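Both complexes shown next keep subunit A, but they swap its partner, so subunit B is in the first and subunit C is in the second.
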Partner chain A sequence: MRLTAVAYGLLALFALGVPLLGIYPVFMMQLLCLAMFACAYNLLLGFGRMLSFGHAAFFGAAAYATGWLVTAHAWGPGAAIVAGVVVAGLLGLAVGALAIRRQGIYFAMITLALAQLVYFVCLEAPFTGGENGLQGVPRGKLLGFLPLKSDVVLYYVVLAAFVAVFLFIRRVVHSPFGQVLKAIRDNEPRAISLGYEINRYKLLAFVLSATLAGFAGSLKALVFGFVTLSDVQQSTSGEVILMTLLGGTGTFFGPVVGAAVVATLQQYLSDLVGGWVIAIIGVVFVACVLSFRRGIVGELAAARWLRRAPPPR
Partner chain B sequence: MKLRMLTLATTAALAAAAGGTARAADEVVIGDIDDMSGVYADVMGAAGVEVVKWAVADFGGSVLGRKITVLSADHQNKPDIGAAKFREWADQNGLNMLLGGSNTGVNIAMAKVAAVKHVPTFHIGPGGASLSNEDCTAYTVHYTYDTVALANGTATAIVNAGGKTWFYLTADYAFGTQLQAAASKVVEAHGGKNLGAVRVPLGAADFSSFLLQAQASGAQVLGLSNAGTDFSNSLKAANEFGITKTMKPAALLAFITDIHSLGLPAAQGLYLTTAWYWDLNPETRAFGKRFYARFNREPTMDQAGAYSATLTYLKAVKAAGSTDPDKVMAQLKKAKIDDMFTSGGSIRADGAMIHDMYVMQVKTPQESKYPWDYYKVVKKMAGAEAFGPITGLCPLAPAPK
Partner chain C sequence: MAATVPPTADEYILETRGLTKEFSGFLAVSNVDLKVRRGHIHALIGPNGAGKTTFFNLLTKFLIPTRGAIIYRGRDITPEKPAQVARAGMVRSFQLSAVFPHLTALENVRIALQRALGTTFHFWRHQATLGVLDARARELLELVDLAALAGVVAVELPYGRKRALEIATTLAMDPELLLLDEPTQGMAQEDVERVTALIRQAAANRTVLMVEHNMRVVSTIADTITVLQRGQIIASGSYAEVSRNPQVLEAYMGSADTELENAH
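Then we have the complex of A and B:
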């Protein structure tokens, strides 16, 4: 336990010192947004065992909402982020209410189909800019005084948001709600027989996950100053699954590691090999599925379990 | 109190960050962001980076006593990747000038970054005329061609040759619809009629139902408002269906590489508009020869444009005696551009580079005498005719009264 605390402390120090270390803050912000997205996804997959193939819909819808409000209606960044998160939450409610009626592959297919619907709306709707997306989204001033134009200021805002979401997810999982969710994950009939309205729990988990994914999308819209179709595309949904699985589902820190690995690979390999990045990441994924199924953090945690006590199952 | 502390800390961090990035002042950095691996990779791509390096070498490798370096990246046709890379180079590598390759969407995203970061940016590969209209900035130049010039060239030539009724096969995205709109306008202005259009998803594999709709329209001309593999696949399919016997196909954007991959039997008789062709004059042939020796194919107009744009920028830097973006842009908008790409070209206030365009017709296999002998010049259009008047949509250039 103490080791974990030290690791978190070091990581916090690193995160705070990023601008001083000469690491490019925009890249770190992208990484944090992806990490937040993956953490949100992990809440659904890791703790609710619901495999959604359409999470980019929430990420992208919130990004479009925020981008559009800031650009076309001159909203402040704070209000626009809140609006984006609300849009993602409502969309999550609608999609979740339909999807949780089925399980497994059917659940995945329903989320995929509805996400494609959102994609085509974003492609054809008049305010989204079609193939060109929304460009030149200004960052503005947070709460009217904090200028986000500086990368460093925005970095600390995004970092604070990420830490808040991370702690929130921990809190949710450790709450009675989270325990019931895990119970449903591990044995659904038993949870029903104990008298839990499992659909309510699943729906709430789905909406929470969609909302937080939307938060990540809204932040990304401000960080880069544009929203494009790739934010709502199927490949983004696939990427978040990959990040979560690679890092370790059902661990708190796994998605963060997964996001860091994928984002770094994309950033540095794309200069060297161009479009082959996708193939390389695919190979990494295959290796992960074949040899370390619990993901990076999952395997590390399992190794520690083995040394101390028999694993839980 | 806490807020003040935070502000102080942030300021300190900012100062440190500023100190960290203030390098590369002894170099002039040119970047090229393009599709290096996807559907447009042959239009500019890796060979485009190579010609930029040629231009740098031909200029002498340095300007104002500063070494010139060339960076390149693959945007994978994603606006987010292109814009992020551009922003990173501007923040971290002291980028002085950017060349934007294919894809209008990616270039619009990069134009927004150019406006914020004040980096002179040359759009080489994209067609969307919005880049010198509603998406124009004080730091962007739309160099090679645009949808308006393509439509003015090809559509005018075909309507005048008797193709009065048109039906469009349009790629379902910004570029395709902009091109269709531009062509429709030209057709109507010359007394032709637009009978309809069908929008085809980007990268479609099966064109049969769309082509049957086109055939059923009874139009004389099939306007192919698409590009790259979409263009060659749709034309091939039209040939297979025998549609080209009753309808005349019109290529609204075709590169010489497309014609090469289609082959002359399929492409013969096609009208198209291009900014540059390797077999125009001794200078273009010399560039073609140099390119052919290295890549075993002739260059596209985009590759020639990339070479020319790099030289144009370096000449402007030399004339202005500085890499200061405002001074360089002012110099660019004064200068006349004379090189193997064009003669008497000039950059207008809205950023459009005004130069001659050529309406071409693809030769028949019998007419073609040697490898890559594909086009005959139908008409040379002066820049003003090709690119049309200033529209007033760009805030930098009010429409003439």
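Then we have the complex of A and C:
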């Protein structure tokens, strides 16, 4: 327990000191957005055992909504982020309501199909900029006074948002609702036999996950100043699965580690090997599934747990 | 609701009328009329494949009957959903141990108690607010001799303990009608005795309908026994009556020569 506290402390110091350490803040912001996205995904997969193949739809739809409102309607960044999050939540409600009627691979296929639908809407709609996406999204001033144009200011805003989401997910998992969600994850028929209408709980989990994924997407739109089709694309849905599995599903910090590894590989390896980075990430993924299924954080936690106490008889 | 209660509702807590389940031409449960008397321990026995578990799944709405009606406390519950039936006080256990493996024993029991608080959708509250239920949960764990293991994650409990935990969780629902699907299956003898005693204790103020293979258990605690074969009721009555029924002996032994007691 103390080791974890020390690790979190060091990490917090590092995160606060990033602008002083000469690390490119935009890269760190990208990492934080991806980490937030992965944490949101993990809420669904790790604690609700629902495998979505379409989470980019929520991430991307929120990014488009925020980007469009800021660019075409001159909304402030705060209101535009809230709007993006609401769009993602409503979309999550619609997709979730259909998908939770099925389980396992069928659930995944429904999310995939509906996400493709969202992708085509983003491609064809008159306000999304088609193949070009939305370019030149201004960052504006948060609450009318915080100039987000400065990378350092925006970095701290994104960091604060990430920490808030991280703590929020912890709370959700450790809430009365979280208890029921874990029970449903563990044994659906048993939860039903105890009187729970399990679909309502699954739907709430789905909407929460979609909403937080949307928050990550909205922030990303402001960080980069553009929104493109890649934000709603199938490959982005795949990437978030990869980050979550690599880091460790059902652990709190796993998705953050997964996002950091994937983002770092993409950032630094692509300079060295170009397009091969996709192949390398693929190999890493296969290695993860074959040899450390619990993910990086999951395996570390399991190793620590084994050393600590033998199971009771 | 009281106006629609037929006269039998007080005497019989559960009744099925012509209950039938067909799986693509195969009659798993065929025209079963069963009456479960309030306050009784009613055992459902029969050879493998007799349709006992299918019948259970029909009662608890996990399967939809092809034909027939299920009357619980004088009310037709045939069109209801499984969770509704559970909330109405008819709670089942499962053939294989049904615990929540990644929750602790205490949390397992608390899941059943939690619904009463009305905060099950409250994702913003801390789970410490569930602490008010801990005392009751510990009492239930005490009942099945699990109090010392309250903090242990269920997946780490031995098999017999898991079954005990499952019973504690079911009792936490304070069901009027307890449906137990082979509660002693796969248990060592001392566990069987403990669970038998527990069922008897639980039945003091409620009705129990159980599927059970172990004849010793059935003969000691069941007030009424119904024998199913190929989806149909072939006999019903006390142990003494049923165990002398030639059709029952035939079903179990393939001949009417031996006493049923030796069947297991």
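The working rule: the second predicted complex is superposed on the first by the 309 of 313 C-alpha atoms of A that agree within 3 Å, B and C clash if a C-alpha of one lies under 4 Å from a C-alpha of the other, contacts with A are read in each partner's own complex, and residues count from 1 in each chain.
By definition in this document, a contact is a pair of C-beta atoms (placed from the backbone, for glycine too) under 8 Å apart; a residue touches a chain by one contact, two chains touch by 3 or more.
All values reported here derive from a predicted model rather than from experimental measurement.
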Exercise. Looking at the overlay on subunit A, is there a clash between subunit B and subunit C, or do the two fit?
Worked result: fit
For this session: Would you sort A:Gly76 into first (subunit B), second (subunit C), both or neither based on which partner it touches?
Result: neither
Exercise. What angle, rounded to a multiple of 10°, is defined by the Cα centres of subunit B, subunit A and subunit C, with the middle one as vertex?
Worked result: 140
Exercise. What is the contact status of A:Ser270 with respect to subunit B (first) and subunit C (second): first, second, both, or neither?
Worked result: first
Exercise. Is A:Gly238 contacted by the first partner subunit B, the second partner subunit C, both or neither?
Worked result: neither
For this session: Classify the contacts of A:Ala191 with the two partner chains as first (subunit B alone), second (subunit C alone), both, or neither.
Result: second
For this session: Kindly classify A:Gln30 by the partners it touches after superposition: subunit B alone (first), subunit C alone (second), both, or neither?
Result: first
For this session: Kindly classify A:Ser175 by the partners it touches after superposition: subunit B alone (first), subunit C alone (second), both, or neither?
Result: second
Exercise. In the superposed arrangement, does A:Asn132 touch subunit B (first), subunit C (second), both or neither?
Worked result: first
Exercise. Once both structures are aligned on chain A, how many angstrom separate the closest C-alpha atoms of subunit B and subunit C?
Worked result: 28
For this session: Spell out the residues on subunit A that touch subunit C in their complex, using ranges where they run on.
Result: 171-172, 174-180, 182-183, 185-187, 189-198, 200-201, 204, 208, 311-313
Problem set entry | Footprint of subunit A on subunit C - complex, ascending | 60, 62, 81-83, 86-87, 91-94, 98-103, 107, 110-112, 114-115, 117, 119-127, 129-130, 149, 152, 156-158, 169, 173
Seminar exercise, completed: So, in the complex, the side of subunit A touching subunit B is made of residues 19-20, 22, 24-27, 30, 129-133, 135-136, 150-153, 156, 224-226, 228, 230-231, 270-271, 274-276
For this session: Note which residues of subunit B are touching subunit A in the complex, please.
Result: 10, 13-14, 16-17, 20, 36-38, 73-74, 76, 78-81, 83-84, 87-88, 91-92, 104-105, 108-109, 111-113, 115-116, 135, 173-175, 202
